[in-house]
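Contents: one structure, followed by commentary.
Letters A, B and C mark the chains as written, and numbering starts fresh at 1 in each.
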Amino acid sequence: MTAETIIQSLASGLLMGLLYGLIAVGLALIFGLMDVVNFAHGEFLMIAMYASFFLFAFFAIDPLLAAPLVAAALFVFGAVVYLLIVRFAVRAKANAGMVQIFSTFGLAIVMRGVAQFFFTPDYRSVTHSWLGGKTISIGGIFLPQPQLIGAAVAMAAFGGLYFFINRTDFGRALEATREDAGAVALVGIDKNRVFALGWGLGAALVGLAGAIMSIFFYIYPDVGASFALIAYVTVALGGFGSVFGAFAGGIIVGLVEATTALILPPSLKSVGIYAVYLLVVFVRPRGLFGSM
Amino acid sequence: MSTPLLETRGVWQRFGGLVANSDVSISVGRGEIVGLIGPNGAGKSTLFNLIAGVLPPTQGTIWFDGEDVTALPAAERCVRGVARTFQVVKSFETMSVIDNVIVGALMRNTVMRVARQKAHEVLEFCGLAARANVLASDLVPSEKRRLEVARALATEPKLLLLDECLTGLTPLEAQTGVELVRKVRDTGVTILMVEHVMEIVMPLVDRAIVLDLGKVLVEGKPADVVRDPKVITAYLGDRHAVGA
Amino acid sequence: MDTDFAKRRRRDLIVAFCLAAIAAVVPLFVKDSYVQNIMVLTLMWAALSQSWNILSGYCGQISLGHALYFGIGAYTTTLLFTKFGVLPWFGMLGGGLISAVIAMGLGYPCFRLRGHYFAIATIVIAEIGLLLFHNWDWAGAALGIEIPVRGDSWLKFQFARSKLPYFYFALALACVAWFVTWWLEDSKWGYWWRAVKDNPDAAESLGVVVFNSKMGAAAVSAFLVAVGGSFYAQFVSYIDPESIMGFHISLLMALPAVLGGIGTLWGPMLGAVILIPVTELTRSYAGGSGRGVDLIVYGGLIIAISLARPQGLVSLFTPRRKEATR
């Protein structure tokens, strides 16, 4: 194993990690807002990938151009999911935690079923795109262009999110609602509206990730499941509810995955992530950046 | 005189840079009702939690019934005979009132039938017998306070720690609460009660300990304590001092 | 009121006995092997869900990784039998004990975690188990292990000609899981668990050692689930990591309890009796086309019931005391 291979895989690990962060941040945002874990998060990613695929297949829109459209569509979808399901789930008087988990699980299963029904279980892929399969060489290190752009989009999204939460009225309403939903009602902020927009925003972010990922991953009804677990691990590692935690968690997960792949056979590459995650939460039960 | 039931010796508690308790040494004799009072932020709740075993003190030792219990967790202290209530009531909401008390009664009685019997007796004693089969979440606030006391009594404690169990009740409810505390003491249980509002506790306690800024300010008979200039100064500016 | 309580306990026991007796004679009249198969699965999932319910329902520690114990049970029995010729009955016991020990070993660090952190840790741990078995060549790796048929006998727990013995074993398992729950419900442990679920701080102040309570629940729960896993391996006579330890197993274990009523005595049974036949029927009638209709029906059912009846379907049968006293 040369130094070059190590740098090579760490670099691609970092890029992938930023993308993992982008997948996970919507989950962290929603949790931070209302203490709900969306167990259909992977399926949100799945439909985003399909949306991007169909825009490509029917209208020949490149996934890069499609990304904003997909994000917008997912925004609407996220808000609708909140209004139709989650709004009622958080109102449950008995077993509230359980109801949240299983109503979103139920949604995940329905979404997979719908995807199978309409799109068949076949594997799809965006066969040719501007970036697909292209690499760029920086000082002898070859980096795949889709991942590179994906990482750039992720960083931009995190930057935008930071600005959004700290500098805009809605961002401040979001912050205020997560601190004390009862009190914001008194100053005339509609809690449901904020939550719906929060869900929309969270879904839009995963939509962005899905569009980028459609360039270099196969698309099939169960594709969300494998990324969902990584997203949960990323968020739990960083600390539930912490947007920065999701960013940092994503990078850690990407790097650990790349490192594990150097040492263990490829089929065991996730074991490294899981092990590091467990070690972290055993030492810090609320993740690296979660409030203790 | 025999050893006190409870004693703290030079107890300190620091949270980061904040000193919540500094060099607190107090003692509670057998059969006494002692009031632990003081203005907001005096360190009452911290001391209370140290005695209950929620967290260990940064420095100093806590002695119960002649034994050093400093290192023992809350559950172990309960076995030794320390029971408590919570300022913010912590009922087992999905369980019935009787089941709440059974959890406490199981501390000393492992046979279910005996524990159930014991729980009924305690509910009767606390005036909650009629509500035995109601879900704890359906009780009104004053009943929840009484349930806290009942649950704690079911563990057959030597020392009962009451954390602001009379605060926030209507005068009538507070009066029934006071009577319940007296009744408990008459069964031979020693009581240490934290209260913020002096007027409630003063007629009830045998002795009062005033904490201020984490230290013991004054200790003595209630009548003397309320007249102490140091206490009046400490409470001055505090709206609850008016009644004291 | 004590007598009321004793009466209710006795009534539960009598109802359970009657139901078990009725269940026992059903397969004598219903000979269709497809239906018998569904009945076996229903009873098995009822038993599994009942066991899951001990840790997650009564003690409130929501595990979404119980597939691990199911898998350990299945693999222990199968490996002992195929590699060393140890009879499945011993494998069943061994798998149960191993699972209980592992559950406590894992509980040691995991029970510090709360809420979602705990649930996600359990998913991840089960996933690690799955990956390890996937890569463990001696245990058949991804291909799995086929249990060789060595004839029809209770000793080897193999029945080629009839499903009836499997049915009766599954029924016995469901009865045992139910009875264990019934028995524990009115014991020190049962009260401790519910107290821990509702408020661990208050429980601790009443002398409940919260950590040990969780460990106890985890051990009992894992033991019973592993026995179920052993049974399943014998029943299908072929195991591979994905079908035995996949996440869907954990989910299937939780769902009947959630739908029927989590933390209740009858919830898992009721949930399984409704959910498993529905799952199997939609799978064979709608799923055959490979179009995902079964998933839509199944998922929709989960959403509908969890939103409409958060206390579970069992609440339809027992008017809540809450409403009665208001």
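Brief remarks on what is shown
The rule is short, and it goes like this: a contact is a pair of C-beta atoms (placed from the backbone, for glycine too) under 8 Å apart; a residue touches a chain by one contact, two chains touch by 3 or more.
Since the model is a prediction, treat every value here as computed from it, not as a measurement.
Closest to the middle of the protein, by Cα centroid, lies chain C. Among the other chains, the CA centroid farthest from that of subunit C is the one of B.
Between subunit B and subunit C, the centres computed from C-alpha atoms are 43 Å apart. Put simply, the C-alpha centre of subunit A and that of subunit C have 32 angstrom between them.
Centre-to-centre separation of subunit A and subunit B, using mean CA positions: 48 Å.
Shared interface positions of subunit B, defined as residues touching 2 or more other chains, are 94. Among the residues of subunit A, those touching two or more other chains are numbered 94.
For subunit C, residues touching at least two other chains, in rising order: 263. The touching residues of subunit B, counted against subunit C in their complex, run 52, 54, 73-75, 78-79, 83-84, 86, 90-96, 98-99, 102-104, 106-107, 110, 112, 115-117, 120, 132-135, 137-138, 151-152, 154-155.
Residues 31, 37, 85, 88-89, 92-99, 101-103, 105-117, 120-121, 221, 225, 229, 232-233, 236, 240, 265, 267-268, 270-271, 274-275, 277-278, 281-282, 285-287 of subunit A touch subunit C in their complex. By the touch rule above, subunit C contacts subunit B in their complex via residues 1-2, 4-5, 186-188, 191-192, 194-195, 197-199, 201-210, 263, 321-322, 325-326. Contact residues of subunit C toward subunit A in the complex are 62, 109-110, 112-117, 119-121, 123-125, 127-128, 131-132, 134-135, 247, 251, 254-255, 258, 262-263, 290-304, 306-307, 310-312.
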